[in-house]
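One chain, chain A, appears in both complexes that follow, with chain B as partner in the first and chain C in the second.
Entry: the complex of A and B
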């Protein structure tokens, strides 16, 4: 194979597809990217079999062909080149990359060793790419990153009223985002998507208008123009989260979102572990934030806030609080509480479709 | 949140310091030299003393002195060669003895360590009792003497152990108190008469500045406004000494948390082949681990499950919940969760449960949705009761009902058949 391409275009394609490559691949060949050149297009694919990311770019083709090159190596090389045209050619088991006065040669792996990836299945439905990306961004941080709890590592897609709902929880917090009017599932249908796939999807979406979903029996494919993310669906029953969303809250705190996030981050700076909570004291005349650690020190800050309810001291994991407040968006957020042991509800005044439920940290 | 919080924060810290460690170890082989002026160190022309017996110290001999000078002070001095590997070996046994009281052991050197026994008070008695018992045990098992200081802060505990030490008095045996307890109420009375040089961080330079300002005793420091100390010694040292002079020291006893873990494993005579059997064994192991965490008042950040199959392939799975784990129930729950992905039908030969990243238990705890309506979500209340009952009536007095069989409560404890499984375990998998 042999082609010519602008460095920026090639680098971006390689970077995107590399996100599909696992650092510890199950097969040696999966540490590589599949480069498939024909019909004037170069398709770059990275996969760990569970997740596949594939992008295509137009290139000046001299000779069609297909090969596999180490993902990290080839991506690092192309990114390090001077801007401008890059010549890429493969002969036998060596790829050569030249640009300006730089020249590299890289060992390749025979493309025949690359596993056959399943073709996308299921019929295709279109959604607004920007709206879907915004919704996905709001929930993914609440999904668990714990390998040992695969179901909680997923984002549940289901039908809610006349629309789509995305839900994620790691059992300590829960993020729910509704997309009214987006009808892509049957009423009783639900799909559990690995959060990792959505994190990658969100990164892949730039200014595209349309995102197409193909929901297969075992797989799910997102198509964005020429780019494609295919992921295995998570099997299993997502927890029944509906009862966790509190309906009635005697206490209601309203605070400006930006200053609140900044204050939590500042006060959190004395925390050096993942277990030290931030304490919120909610009073009629405002909000107090404090952190005390035995080994490092303490932080304290006061914020203006509106508060209806009885004075309450409640503690949270500061990062969880930041995740929720950042995702909520809008000028103001409201934190609704029952007491210091019951789940709290965080919502934004401007986006009622998003809800974030957070369990407190208990003091002994 | 409750009245017990203050109690929890109040630590009981022991500083244990061996008396003339190197010399005492050498004298184990040379009982004929006991009571003689003996040193360990270089006997050559440029030799230096590494350690001196108390009789030798009576002559003014001390460590870091040149051997030649020491011989001048004490002509009949016996100089022995040191055996470092031996000190290391004895030290390991010593630290292991400490570790039986509490996993919160912070070794300072081969012969010196801090122990935070706050969590053991309920089971082993107050700090003074633990200190005396520890001294007796070190004496009877290792044939060595130590001095122990007991206080609620590290630096007072260390000063106390120095006060408890034998003194090189002229004539007569050099006997020390062995154990000195400084209660919180007495800390200032204890500290203030001491020379400022006794405090941590007072080296020769600081000392001369303090003495230049007429500050000789710790009490003088305490009466000096912190601003004056800061202008004299700088921000950090000034505030540090001010705090110490008022008996304040927040430093906690830090065990080697990364490396430290508590675990149990069991090899079965007959492979386990069912999930039920595996879950039952995991409960048994979790109970054993929780029982060992209890005396130290500890919890483990990470729970690790180890599984070895009949064909000896071994795998481990770990989980780090947002809050460290101390109770049998939560430990067993996590171990079982971790085991969900393991298919026992081919035969499980060995199971192990361990926790690592040990921290004091009872800290703040992230709650999960699973416990919105659970009364004692940590299992802490239950665990305390279990620990108290075991303390009084023995380990087999109470345990999870699932571990009851016609032969009684089948618990696992450290040292049970370490060389391999006993036959009775075979009944488990069948």
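Entry: the complex of A and C
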């Protein structure tokens, strides 16, 4: 195997595929990237068997071949090289990487040890890549990162009216985003996609127009030009979230989104754990934000806001509040509440297709 | 148990040679013959030790501890401050986890937490390789062996699989199903349980105890 490629192109391909490599792989060979050079293209693949990320780039081929190189090592080396052409060749069990006056040799693993990965299954459907990425970005933060609750670590894709709906919840908050006009599933079909796959997909999407989805019986594949993310579908019943979206709220606070997010971040700076809530006092003349911690001190800030309803003090997890407000987009957000123990609804004036339901936190 | 507080030096000869210079130390000689030399610091690890079986030859100011592997520990005493003997008797063993035992007790009292119509047959149902935590019958009367852990690891699943294999030999329990129960069942344990045809369930200790959670959740 021998090829020549620009450093930036190769580094980007290696970095993207490395996101599919688990830090604690189930097989030693899965700490590596599969480098497959055929037909003038280098396909770089990283996988933990649940998630596979594969990227193909054109290279100047001198000798075709296939090998496996340690993902972190080879990526770090290529990224550290000076800009310009990189020569990559493999002889026996050693890869040589040279660029300018730099030269590295790296032990490789026989490609035969790399597991045979399944081919994408299901028919291919095209969606607007930018719209899908924007929607995915809005919901993934609400998915649980707790590995003990795998179903909540997924984003539910389902049909809603004449479009697609993405839903994620970690039981403390719920993010719902509708994509009207995007029809990729049958009426009764729903697919639970690992949020981690969507986080990687969002990072992979730059200025592409088209994203293709293949929904197989057990897996799901996103194809973006020459890049491909294949993930195992999560099996299980997603919570019945529809009853959790409040229908009517007597109290409505409308505030400028940017200053609100900045204020929450500032006041939150005295918080050094994940348990201390931020307290919001909503009243006719505006909004007060405060945090009090026994060990570090307190933070307080006032914001201009429009408020309709009875004066209310309610506390939230500050990071969850930031996540929802940042994802909502738009100039203004509205936080609708019932009382200090019932779920609040956060919506943006400019993005009616997005809803974020957040559970308050008890405070003394 | 013999406890000696003394100024002493210690020389070990065996896989390597090691010397502890003269200083004040605690020497423990346990009933089984283990010898350990401690400094006044550290939670548990001695400066030097010899596992049983040992032979101890005591002279006026020198002890020579030797074992069948030919290793020796020579303790040279300069000044003995205390030399105490205590009879400890048989140790009752370590009670590892009060939560685990309490979980078992709570589930035995409320087997419906494990499934509608589930009834308890017996706690600590014996097998020839040890007792299974709970033997129950489901709503259809089928036998279910339940293993309860605080944290559900693959070891617990393996343990339950061994019990099931033994219990299934009993004609009265033929076709017995397994249920692995813990506060948290690890992903690997879930996978292994499912592969072995064992169901798993997570239980909330506070809920079982009737303590309402202070945490507000959507569901």
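Throughout what follows, the second predicted complex is superposed on the first by the 363 of 364 C-alpha atoms of A that agree within 3 Å, B and C clash if a C-alpha of one lies under 4 Å from a C-alpha of the other, contacts with A are read in each partner's own complex, and residues count from 1 in each chain.
The rule is simple: contacts are C-beta pairs under 8 Å (C-beta built on N, C-alpha and C of every residue); 3 or more make two chains touch, one makes a residue touch a chain.
These numbers were taken from a predicted model, which means no experiment stands behind them.
Student: Clash or fit: what happens to chain B and chain C when chain A is overlaid?
Tutor: Pair status: clash.
Student: Check whether A:274 is in contact with chain B, with chain C, with both or with neither, and answer first, second, both or neither.
Tutor: Touch status of A:274: first partner only.
Student: Residues of chain A touched: more by chain B or chain C?
Tutor: The partner making contact with more of chain A's residues is B.
Student: What is the contact status of A:359 with respect to chain B (first) and chain C (second): first, second, both, or neither?
Tutor: After superposing on A, A:359 lies in contact with both chain B and chain C.
Student: When the two structures are overlaid on chain A, which partner does A:317 contact: first (chain B), second (chain C), both, or neither?
Tutor: Once the two structures are laid over each other on A, A:317 reaches chain B alone.
Student: On the A-aligned overlay, A:23 touches which partner chain: chain B = first, chain C = second, or both, or neither?
Tutor: neither
Student: Looking at the overlay, what does A:116 touch: chain B (first), chain C (second), both, or neither?
Tutor: So A:116 meets neither chain B nor chain C here.
Student: Mind working out whether A:237 is in touch with chain B, chain C, both or neither, as first, second, both or neither?
Tutor: neither
Student: Running through the overlay: 37-45, 163-171 or 271-279 are the candidate stretches of chain B; which one clashes with chain C?
Tutor: Only one listed stretch clashes with chain C, namely 271-279.
Student: Considering only the contact definition stated at the top, list the common interface residues of chain A for chain B and chain C.
Tutor: 148, 169, 171-172, 174, 239, 244, 341, 343, 359-362
Student: Across the complex, what residues on chain B touch chain A?
Tutor: Interface residues on chain B, with respect to chain A: 1-2, 4-5, 8, 250, 252, 301, 317-319, 322-324, 337-338, 341, 359, 362-370, 372, 377-378, 380.
Student: Which residues of chain A touch chain B once you look at their complex with the stated criterion?
Tutor: Touching chain B: residues 146, 148-149, 169, 171-172, 174, 239, 241, 244, 274-277, 294-295, 315, 317, 341-343, 359-364 of chain A.
Student: Considering only the defined contacts, which chain C positions touch chain A in the complex?
Tutor: Chain C residues touching chain A: 184-187, 202, 214-219.
Student: Flag every residue of chain A that touches chain C in the complex, lowest number first.
Tutor: 147-148, 150, 169, 171-174, 239, 244, 341, 343, 357, 359-362
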